[in-house]
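In order of appearance the chains are A, B, C and D, and numbering begins at 1 in each one.
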Amino acid sequence: MSVSKKESSKHVIRIKCQDEIGLIHKISNVLYLNKLNIIRNGEYVDNESNQFFLRSEVEGTLEELVVISNLEKILPPGALIDLKPIQKKKIVILGTKEAHCLGDMLIKHQFNNLNAKIQAVICNHQTLGNLVEKFEIPFHCISASGLERTEHEQKILDLLDTLDFDYIVLAKYMRILTPLFVEKYPNQIINIHHSFLPAFIGANPYKQAFERGVKIIGATAHFVTNDLDEGPIINQDVIRVDHNYSWRAMARAGRDVERTVLAQALEMVFKDRVMVNKNKTIIF
Amino acid sequence: MSVSKKESSKHVIRIKCQDEIGLIHKISNVLYLNKLNIIRNGEYVDNESNQFFLRSEVEGTLEELVVISNLEKILPPGALIDLKPIQKKKIVILGTKEAHCLGDMLIKHQFNNLNAKIQAVICNHQTLGNLVEKFEIPFHCISASGLERTEHEQKILDLLDTLDFDYIVLAKYMRILTPLFVEKYPNQIINIHHSFLPAFIGANPYKQAFERGVKIIGATAHFVTNDLDEGPIINQDVIRVDHNYSWRAMARAGRDVERTVLAQALEMVFKDRVMVNKNKTIIF
Amino acid sequence: MSVSKKESSKHVIRIKCQDEIGLIHKISNVLYLNKLNIIRNGEYVDNESNQFFLRSEVEGTLEELVVISNLEKILPPGALIDLKPIQKKKIVILGTKEAHCLGDMLIKHQFNNLNAKIQAVICNHQTLGNLVEKFEIPFHCISASGLERTEHEQKILDLLDTLDFDYIVLAKYMRILTPLFVEKYPNQIINIHHSFLPAFIGANPYKQAFERGVKIIGATAHFVTNDLDEGPIINQDVIRVDHNYSWRAMARAGRDVERTVLAQALEMVFKDRVMVNKNKTIIF
Amino acid sequence: MSVSKKESSKHVIRIKCQDEIGLIHKISNVLYLNKLNIIRNGEYVDNESNQFFLRSEVEGTLEELVVISNLEKILPPGALIDLKPIQKKKIVILGTKEAHCLGDMLIKHQFNNLNAKIQAVICNHQTLGNLVEKFEIPFHCISASGLERTEHEQKILDLLDTLDFDYIVLAKYMRILTPLFVEKYPNQIINIHHSFLPAFIGANPYKQAFERGVKIIGATAHFVTNDLDEGPIINQDVIRVDHNYSWRAMARAGRDVERTVLAQALEMVFKDRVMVNKNKTIIF
């Protein structure tokens, strides 16, 4: 681990610890003594669990290990401290056949609006290969055909092991990940679910929504945990539908919502604005 | 039943029948021969069940029984025909302790914006009595204290038998109605549920929403059937919340949505714009 | 003009005429005599101008000229009748440098979700050329550099004359079209404006919105007329912003709205669901 | 001015000053030395004007003048410091004839959900007198009939001079206030405007919206300044409309939005969550 002397730059500091009086005072004191300017600050206390959460964007010349060490000294035992420079994330995208979320990310990627570098796209079908390759991103088709679930997943895990990434984005990846997979990447897998969770968990939510006769449909971006569609919600949005919508029309209209909900969630995650608090998120 | 010769006036005709080619032609022919001007027309075909739905606002001098008889002759057997003058509805409101939906209706009622006449308000607590009586509306407190569910309900049913009304509005009535009650008033009972159904069915949905960490909460107005919170949905809306909302803050913010969602639903129902198609609604 | 005997297929009939009693009866009679099944029907009467608007989706074997001739006989003089098969539109896209609306259309086009065939993309900068060519769509860069407005436009008009299209989509085309151009394509040019019109007409609406301190920003898709940003509005939507948004952050967030508002507007226009009523639209 | 020793209680501290490095450190130090626990903290820096804004909710035993004096010592010259206990506000409501916003406030007031005490309602018509008096709130009708604008306003000002209040709420008060009036109560007058500002400034915005053919209408709550409908915006919201809406139908639908937008704005203002930054608001 290197202790590098950095140029003045922007960092994000995120702290989670037991709440106690004077935390902001003590933390801001550390930042002050390290000559760091606070650009943007967010705090939250979960009164139920008595946990304190803080996110600070700071600017200045900073030695990461020194600051972390200073913070450790003044924070309660067990405090989690995350300090990193503000920079682009690296991601791997998993998909199946639908192009709308993936396509949006590829376009933003090309025009430098994604705030992330796409390292690879992995799909269980060939459908999207031609699209991905247009953008000169490595495309890997790992078919699940004829394979046990764990065999198929192992192939993906083996491939992931060769890649360097911060997050895995499930851009309408239509297979359920096993606990083994999910536990390997805690709070690193982001999924877009095509319903307003917790309504319509599971398969074909638009058909479920149609059958129920709802007047609004939605989409939910969340971190993946081992409870199906129950992970911490990052972002949600909805649109109105009426009795003239077949479930296919709902699915078509829903795609625009899915794409935007995922795009906004990724924007927040990639800027380190999201902290996980048990099965919920705090968005600073 | 009287066959009265009416002055020129506005009526709503609603038809539900098996779909077949030429229905609009045949129906519009009947209206034409009765010298009725179509002001507004809405049609819908449920392709799954092959049912045709029509709502026509017509203007002219009209003998109700003649028009109905003319329509019966040209419609497929089993057609449901509903023809009524456009006029204010009569309603009874059931409540418990919360004032926001009831209060909104009372204010609109006084200033002639409700499109309905409130015949009575029945509550299982005294809390809202003072408010209702300010507006010179009969208030009946029927306490459930010490009574079996069916006993309590029978008292309400007995009172309802003495009243003249088209719809029962559950304005945050916090008790579940028995099948006996519900079946007596099919498609006549309108409830406001304080969640975006089908998410968070049942008790304390705001607490459920808080526990789940959703980013959007909502409200649903629906006809009451014997499946709890599963009746045909008339209207829904949502608002954004974030991690700073306690469940009580969600409940407080949710009240504004509940009130508006119910108000809009009642506006549609009272104008005869809502038709029920199995467990869904068609809004013309 | 050929009078072809067609196979059974779907058509859209749109009628605009003076309102009078019995129109629906007479029109449905024509459709009935031509053995056409009405799949979906929409009517509207503008009471101010006493104009009647109808859109019918019909199914059956149909001779276009016969049906039009039958309709002309029963409609008031001056009636506008538009009858066409339901089919994909042909479009030309004009752009400048921003990729989000164009990119969305290219992706949908490749996966057959656009309901239109993109004949060409014309830009006044090279920026988007690489993207368009990935999708094997003809790209034409017609630079305005060093040209008078009319000279530049004439070059585009000359190119358009060689192309076969139903609509021109301005996908963030950042130049104002001259009256000559606009009048040549009445109700055929669709623009996406990056504000909630009529707020913030003209240049840099996000900067205007930022200066004004609004809490909601939006986008508007409209037909282009010779009144700047004043043409008939097809679709609008909004998102919430707060004091933390710089005008650049507003612009970034706004892009997702622009893209969705334009996509929904195009969906409606390409399905012939939009009729123009002076400076407004009727959406069936 | 009394320096009272208080019991442990909750206060809001709001600071506006020139930005400089270490402000949060210095401020939190003052709070720490005064043994105050920070419950909720919000900061914002306006980079254009280099102004720092802070809102802190603190808990503890506090001598107001001591804390203010301590803060003055460590803040840059010219800093504005506002420290007050969290408590209900006192308000006066001005209205004309429309009941929906006023009615909502009266109902919330009775059930202790307004977070304010209504000291009086002043109207230029008698229409709402009966409603207000039901709730045992003083009602004053000051007719403008036959009076010059300044004469009428002077009568209201004279009355206001006899009343004790923090804010004046214009609940659909349909007269324009003169500069004299507005300047007397800076950032104390809150208006609800029935359009999505800055669209449709001035008279009858629903008619303007109807004429323009917009697909969304809205409402705006703002502080009143001497630029008509140009004061700092506190809250906005919108609803969808379509071609079937007459302007009267828009006005009717808009009322539900007006009421909710005003209610939410008041909730924020009464909790001291709103700070004014030139012609904008910061909502903590």
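Observations
The rule is simple: a contact is a pair of C-beta atoms (placed from the backbone, for glycine too) under 8 Å apart; a residue touches a chain by one contact, two chains touch by 3 or more.
Here the structure is a predicted model, which means the values were calculated and not measured.
Judged by contacting C-beta pairs, the busier of the interfaces B-D and A-B is A-B.
Separation between the centroids of subunit B and subunit D, computed from CA atoms only, is 36 Å.
Separating the centre of subunit A from that of subunit B, both taken as means of CA atoms, is a distance of 42 Å.
The multi-chain contact residues of subunit C, meaning those touching 2 or more other chains, are 40, 244. Contacts between chains leave no pair untouched here, as each chain touches all the others. By the touch criterion given at the top, residues 21-22, 24-25, 28-29, 31-32, 35, 37-41, 43, 45, 240 of subunit D touch subunit A in their complex.
Across the complex, subunit D meets subunit B through its residues 40, 99-100, 103-104, 107-108, 110-111, 113, 131, 134-135, 244, 252-253, 255-257, 260, 263-264. Residues 44, 47, 196-200, 212-216, 218, 232-238, 242-244, 246, 277, 279-283 of subunit A are the ones that touch subunit B when the two sit in their complex.
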